[in-house]
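These are the structures in question, set out in turn.
Shared between the two complexes below is chain A, which has chain B as its partner in the first and chain C in the second.
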Partner chain A sequence: MRMAISGIGISGGFGCGVAALRQALQCGVVEPRQCSVERNGAIDTFPAYRTSLEGLDEFIPKRALRRIDHFSKMTLHSACLALQDARLSGGDLSRMGVIIATGYGALKTTFDFLDSYLDFGYSCSSPTHFSNSVHNAAAAHVSMQFKATAPSLTVTQFEMSVPSALLTAQLWLAEGRVDQVLFGTIDEYCAVLRYCRRQFFATGEQGPLQPFTFTEQSAVVGEGAAFFVLSRGEEDARYGAIDAVTLGNHAVVPLTLPHDDLLIIGADGHAKCGRWYAQALTGRAVAAYAPLYGSFPAAAGFDLAVAALSQQDGILYASPATAGASDSALQVVAARRPLGKANIVCLKFGPGGDYGLIRLSR
Partner chain B sequence: MSVKEKLKRVLIEDLNLEDVEPDEIDDDMALFGEGLGLDSLDAVELVVIVQKHFGVEIKDMEEGRPALQTINTLAKYIEQRLAG
Partner chain C sequence: MIKTAPIAITGLGCLCGAGMNLAECLESMFRNERNPHPPVRFSTDHPVSYPVLELREDFKLPLDDQQTIYARTSQLALAATLEALTDAGWDAASLRGKRVGVCIGTTVGCALNCDDFYRAYKDGDDPEMAAIERYLRSNPAAVIARQLKLDGPNQTVVNACSSGTDAIGLGASWLRAGACDIVIAGGADELSRVTYAGFSSLMITDTEPCKPFDVKRKGLNLGEGAGILILENESVCGAKAPRGYVLGYGSACDAYHLTAPRPDGAGLKQAMQEAFTAAGVTPDQIAFVNAHGTGTPDNDRVESRVLSEVLPGAPFVSTKGYTGHTLGAAGGIEAVFTVACLQRGEIPANIGFADADPELPGTPVTENTRIEGTVALSESLAFGGNNAVVILGKGAA
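Coming up: the complex of A and B.
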């Protein structure tokens, strides 16, 4: 069943809103912020794509946000922007379902809660941290804020979280359980994540992010939230529609794609995932936009936002970084090109050859 | 830093009272309801804050209720416990 995209709300390292994303696509450059973490007396400095929450208090008063953590604030901000974009703000949203896809969930709050427990014992564990660390907390905040009494769900499947959650959205709409799905993809940065990534990837996290240098680690950590208003109605398809969502494993059943599709790939500088793109997409026209928002599991939702925007604009934007493209057998889209009749497919590979495929059309 | 000053600072930080400055919290201002506007969940957080930052345990609400009225009453309670 086709899912019409009638609104998008997004915030990431490039700024907030659809206009900021479009500007980043046109400009082709977003510089990550230099961040630092003190650990064992040493300062660790590294690049990261961080999100600003500027404008959130236009939707929700500051006082009402004081018990809400950064993860849920990012969630609420982009959810508000998506509903505003779909012109649904203030309406009856009781039959709107809420689905959130996240690779890691509310990392910072979860670790803060665990730290308080380990450092001070159970009697000093913050009840607010605990309530925000519950995995569906962000989705619940959204449901409560908009009085959306239809189902509310958070799906986690690491790199495959976004396509996996989209399948559920499709099911809810097909069954008529909801009129719309407010579908969000979120991940956040925190100091513990930086520590883990440094242990795993060492200097491979220093950037610049080169999505087509498939054999080398060049990921730069990012964070952000992208929301979509999805519905059954074709008349609502301001950004086109999602035709099909497929999950599989290329190592088990090799992936086949129609030859005229244009591919937005989720290559984000992770060498373990990169080799699958190189293997499966020989000779295909591909673009990758991770250098505009960084590396995080929910970035597959940002690729989807780029695809939706490209459909509205009728063009596929140039890949922002093309280093390594000439060494691969892929045809990297290095300059913007008209979409014509081609459809856009978002493809994300996990490290074991598992993939998620989202096909869009106008 | 006095107990009162530290209390105001940790209250703002730990309860995320972003729109309040320490100077704006009067020592006799009611912490709950009309005054600073805290609520019952904040009361639980306050018990945690007092134990975490001052090492003073508020064991039951019978004992804690009079202490949690204002900055003055809470500071006095903490100082008495630390002295005892």
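Coming up: the complex of A and C.
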């Protein structure tokens, strides 16, 4: 069943909103912020694509946000932007389902809860941190904010979170459980994540992010939230529609792709995932946009937002970084070009060859 | 919402504090036995000791080399999956070439709750990454798909305590939509120091064995385990006699509070109504209800009121007195029990219940009870205001 995309709300390292994403696609450069973490007296400085919550209080009063963590604030911000973009703000949203896909959930709050008992003893564990660390807390805040009493779902499956959760959005609409789905993808940065990435990847994360150097680790950490308003109605398809969602494992049954489609791949500088793109795609026209928003599991939702914008604009934007492209048998889209009659497919691989394929059309 | 086609359940698998497989669980529950005790696998400095229902210490995954590769939640999910697949007549080899989906609910199984690692990090040490690597390897649905070399959709649902019920309803939808031929669906969760601390901070854990629906109920006992159902479409199931059917699934959000259920139960009623419509059955056809029945004052109050309003006279039982509250696993375990009880034609006593609460309009069954009928309902309420309901039918097996 086709899912019309009628609204997008997004915030990431490039800024907030569809216009900021379009601007980033047009100029092809987003410089990550230089961040630092102090640990054992040493300063660790590294690039990261961080998001800002600027403008959130235009939608929700600051007072109402006091006990809501950064993860849920990012969620609410992009959710509000998506509903505004779809011209649904303030309407009756009781038949709107809420689906959130996240790779890691509310990391900072998870560790804040551990802090509460590691620092002060178990009898001082924080109930506020605990209840906000539960993975579906962000979806609950969205449902409460918009009085959305239809089904709510949170999916956590690392790189496959987005395509997997999208499959459920499609089913809910097909079964008539909901009239629209507010579909969100989100992950956040935190200092412990930096420690982990440094341990895993040593100095390989100093940038620049090169998605097509598949065998080298060049990922730069990112964070952000992308939300979509999805519905059955063709008349709502301002950004085109999602035709099909497929999940599988290339290592078990090799992936086959329709020949004429243009591919937006989720390659983001992770060597363990990159090798699968190198194996599965030969001679294909591909683009990758991770250098505009960084590396995080839910970034597959950002690829989807780029695909939707490309459909609206009738343009496939240039890949912001092409290093390594000549070493592979791919035709990397190095300059913007008209989309023509081609459809766009978003492809994301996980480290074990598991993949998600999202096919869009106008 | 329209009526949906029944989906065959061909296999069941379960392990929890009540037993190491489904047969053991049923045996102990119908003997009305339970074994809550202070946690053995971890300790805390909390001045109060809350009883839990842990798996017996002799739990071992029936595969080689997996004890340390995967986190405990995924080990539990795998163990219940293997039991359910055997029950359905499948093994890993016979699944090759089939489109097999995996839909698993959990809470702890997806949380980065590595507190030993984090303690060392906070202390300024450079902790090794083994705990994080294990976490990254251990997404429950992905583990099952990887271990059995499956090619199909997989999804790990993290809808707090309704995750298992949601996973079963979503898995059935995959089959109806033709996304795959077989689905491994259910829930899994391990006991964890983190959830133990979290639930005690919310002051909704009982210092004694829990007492669902009783006037003196003070909260839940945590538990752990996994409950898995094998769902098959008609072309795969063929002439096999199913254990039961998924007839309908409904889900709704209270949109009211992060941790407390909506007092009027509107979300639960909406989920029930959706499940009835999907199943094409009426409330008078319900033989019994496997209630969420955590033993917390709020949950049991709301649930009792809704049951008496929507299903007056239908016998109901909370099995959490036997299993503890297994969080994301609860919906899976309770769906397995529901199908098994339909087959047996009886439900166990609601252990822990002694005295009726005058505030509650209904009381659960107080002894093992024969049931008539072929349709039952299992429901879950969750943090975030989630309500999920599955309506299950009796099979011919």
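Rule of thumb we're sticking to: the second predicted complex is superposed on the first by the 362 of 362 C-alpha atoms of A that agree within 3 Å, B and C clash if a C-alpha of one lies under 4 Å from a C-alpha of the other, contacts with A are read in each partner's own complex, and residues count from 1 in each chain.
Definition applied: a residue touches a chain if its C-beta (ideal position, glycine included) is under 8 Å from a C-beta of that chain, and two chains touch if they have at least 3 such contacts.
Predicted, not measured: the structure shown is a model, and the values here were computed from it.
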Which of chain B and chain C A:229 touches, first, second, both or neither: neither
Superposed model, chain A: greater residue contact from chain B or chain C: C
Touching partner for A:30 - first (chain B), second (chain C), both, neither: neither
Which of chain B and chain C A:169 touches, first, second, both or neither: neither
Contacts of A:127 with chain B and chain C, given as first, second, both or neither: both
A:66 touches, of chain B and chain C: first, second, both or neither? first
First (chain B), second (chain C), both or neither touched by A:182: neither
Contacts of A:157 with chain B and chain C, given as first, second, both or neither: second
Which of chain B and chain C A:148 touches, first, second, both or neither: second
Chain B and chain C footprints on chain A, overlapping residues: 116, 123, 125-127
Interfacial residue positions of chain A with respect to chain C in the complex: 39-40, 98, 104-105, 107, 110-111, 113-118, 121-123, 125-127, 130-137, 139-141, 143-144, 146-158, 160, 164-165, 167-168, 170-171, 174-177, 192, 195-196, 199-200, 247-249, 252-253, 350, 352, 354
Interfacial residue positions of chain A with respect to chain B in the complex: 62-63, 66-67, 116, 120, 123-128
In the complex with chain A, residue positions of chain C that touch it: 1-2, 4, 44-48, 107, 110-113, 115, 118-119, 121-122, 124, 126, 129, 132, 136, 139, 141-142, 145-146, 149-160, 166, 170, 173-174, 177, 179, 194, 197-203, 251-259, 266-267, 270, 274, 278, 382-386
Chain A partner contacts - residues on chain B that touch it in the complex: 14-19, 37, 41, 44-45, 48, 51-52, 57
